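Everything below concerns the one structure shown next.
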């Protein structure tokens, strides 16, 4: 403790001297101790977006369907018929690395609150996850804990976890990435916002009690001051209580239906400090609170502790004095603690009282808007190169059947049943497409339409080229939606990076944001919100730059959606697209050649858009019987997955001069004279495999017009056979492929039998 | 010998189970009950010997308890 | 006063959690551990008085333990 | 299956109990409403009067967070007295998943639940073999019929002592068992370690039924199947037949 006493308080709280000066200027005096603690959190990277704000401005955020872009608890997208979708993604990387179960559970809790804070009923969770290699026992422990935590919280809430992704790479060994996304459904005239209005209106705090949860830097300060009690004041891990959150959800929606709320906001990072000041800031008002009224779980909490506690399952609402009693009655019905802790003022100041004593008095705008921003000089890291590795860099594998099996067993490609069967993915009975497909599709009860959801994030590709990588991530998300028949409408994103104060990380961040912006513009999928997670580093080693995209799309007729599995013998297999697969950045490069190097191919956004439109139209016309995009593991894995899922084999013949069979006449990028391993396992954005019934082939070709669409084979038998230019490269029973793909994860986790 | 292990949520850590039980007791006619905390009680048998205490301590740290959010105590009983 | 309640799986009844712990101990280097049984340990505070024991007994019967699969014991501690 | 024609037009009235933490209440409610001859309304756990119902559904979910033991706290809800009286008078009560656990804790059905053998939550489609199609909840199925219905639970590992087992077997109280595609009750087809692969049981009088699988989740093709419809059709028919007999 004595060592820490020598540093000034602001420094212990993570503020720079200049920032402290800025606070003094804003206050017109030196802040007291409670004020300083509140400022330090509001001006932290997490709440203040100090290194990201200027760059995030580049993201497109507007569109005719966007009812709410960034700036609220979640984005909102118009899906017609007075209905709207609320969605948001968030990271819980650091808490999950400390305590995986509770970290992931409270991550779900937090993101779900953001959704019902908008007045929406959560209808789905998604969970993009990134861990270190499973061969390490710590990673297994993290995986098991995280999955159980997500399950425990989401299942109890009755929100199906319908999609997500899991990657295992060395780069995440020191820092797992635990992102969670929640999606809600709301009638447009019932949307709630966090804008506090009406001086004289009351501030209602309800939900759980407040304890010392998650009080980080500030508690060090506390121990400097109160040496003798330091032990009891150490920060505590946040424990989730999904039961209380479920009651909180129902209470909020009941208050929404009864029209009792002027504004609603969850308590997330920085707890009461941020929720109250942000509500006031949005409404251009002030707020007075008496924190002696806050129901506490622990005795003797200091005012600053109450202000910054991150205890879970709490909400803040603004209600009119006339409706106070009714609002309290709803809380009572749901057995939730609820107290009026203050009122809205017209002072634009946040004043905190402890009984009669004024303990903090701060300008709202300075707290919320005036966190300094930093622009760092970007440095392109040496591993980012201009040219791909030459093809002869890669040694020729001898047995491509074996290569295929190895890749199907890769934990990045194999069946993720072990994960999603721990999630209640069916509750609410809306699943038109179950987990394991391109994206989840949920029907909307009482309507013909449905919502398609996916997340994508490939850090390895972004590491090699953050701009191309981010473009590819957006394209892949859109492609996943299109392959079900859904039209992509909007994006939410979680930007997971290392320490942005370093030039190389800043470069990665800037490139990725700009790449994402380009692709989102092209697909007309504006960004409705998101989250930035920096400092994902340990021992100076950063994670791969990892922008994760959550995308939603709309299906006009949910009965027509398609899945990747081959459906019937005799169906014709077509390959759409002309991208040339490459080994750089691929799963093939990593698993078989043991490296991550070179440069990934860029996505042709215009071609991609046309292909996706073709697939969607063909699906909605009932022409397509399966659709699957070529992604991790290349064309061979794509075909194998469709075969496994459908329980049918296929005979594929990649000829150098594709017989066009009535389909388009542009050359396919897949040229059978390319090295077979690169042809079959290389990756490139922009390729889709579909099957079409023979009799519909002509109709399909008409739709395809001059887009690259080539017949490559037929659904047939119980083996997957792939030939290129007359040479057979793959010939494997589907059952054997299924076995490799289906049991890999459980075997790695050692959870068999 | 036998080891009896008592695992409790750390002080200050939220205990949703305890809280929920506490809130439901009055409806069952039990008034005035407070501070309900739910933990685990584990019994196990292990070979007698001087190392037994050390072994149980290790087991608690590594597997039985989660030291980040739980405290534990144990006693050894020779039968 | 304080009550400490120990809830254990009934003798002879399957305890999946205990079994799993028992199976995973050797891999962590703990050999020869057997009969692992996982139960619950509940602490609560209630008003002092002669009726306290009776009240805790009732709570256990009615709520805290399930007599079909669990046994319980408790002790009262006056602090 | 045809629904027997009813002399009266009044639909069969289902009540779905909402406990704090119930989360399949809406699913059950919506499933019931997809049947022409049925209507559903919600009952609050603090209600003490069922007000003229034909069938009570205790839905799935995590009542009281499943804290302490699944169903342990919910069974003390005020409404459970009314449900007990309703059942005593011959009313039909079905508990699905958490509802089944509540019925066990309340002693309205025999046995108890352990954690799944794998100690993990399991959500997937399983096969069930209909053992007794003579109770009001299963007449819509053939005896021995294999149906596909999803499970989603962490504590579905059914237990009952030897004497109890002999008794429920003898009385036809074992209603559905987990089985494989061919209808064999193998170990591999048992998703949670349940004794005798038991997935659902009824009381001696056959008017209270509890099961871990979720029939309400498979009442429409668009969400994965219709094998659960038989349960609701059976109830509707049983109530209709009773009304006709009056």
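All chains are identified by letter, namely A, B, C and D, in their written order; residue positions are counted from 1 within each chain.
Rule of thumb we're sticking to: a contact is a pair of C-beta atoms (placed from the backbone, for glycine too) under 8 Å apart; a residue touches a chain by one contact, two chains touch by 3 or more.
Remember, predicted model here, so these are calculated numbers, not experimental data.
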Quick note, more Cb pairs in contact for A-D or C-D? It is A-D
Which integer distance in Å separates the CA centroid of chain A from that of chain D?
-> 37
Let me have the rounded angstrom distance from the C-alpha centre of chain C over to the C-alpha centre of chain D, please.
-> 30
Using mean CA coordinates as chain centres, what's the chain A-chain C distance in Å?
-> 41
Distance from the mean Cα position of chain C to that of chain B, given in whole angstrom | 9
In chain A, what residues contact two or more other chains?
-> 241, 243-244, 335
In chain D, what residues contact two or more other chains?
-> 64-65, 67-68, 73, 76
Hunt down the residues of chain B that sit against at least two other chains at once, touch-wise.
-> 16, 20-21, 24, 28, 38
Once you've mapped the touching chain pairs, tell me: line, ring, star, complete or other?
-> other
Contact residues on chain D for chain B in the complex?
-> 64-65, 67-68, 73, 76
Note which residues of chain A are touching chain B in the complex, please.
-> 98-99, 101-102, 208, 211-213, 232, 236-241, 243-244, 297-298, 311-312, 335
Mind listing the chain A positions that touch chain D in their complex?
-> 148, 151-152, 155-158, 241-244, 246-247, 334-335, 420-432, 434, 443, 445, 558-559
Quick one: in the complex, what on chain B touches chain C?
-> 6-8, 18, 21-22, 24-25, 28, 30, 32-47, 55, 58-59, 62-64
Which residues, counting only chain D, touch chain C once they are in their complex?
-> 68-69, 72-73, 76, 105, 111-112, 114-117, 119, 157, 159-161, 193
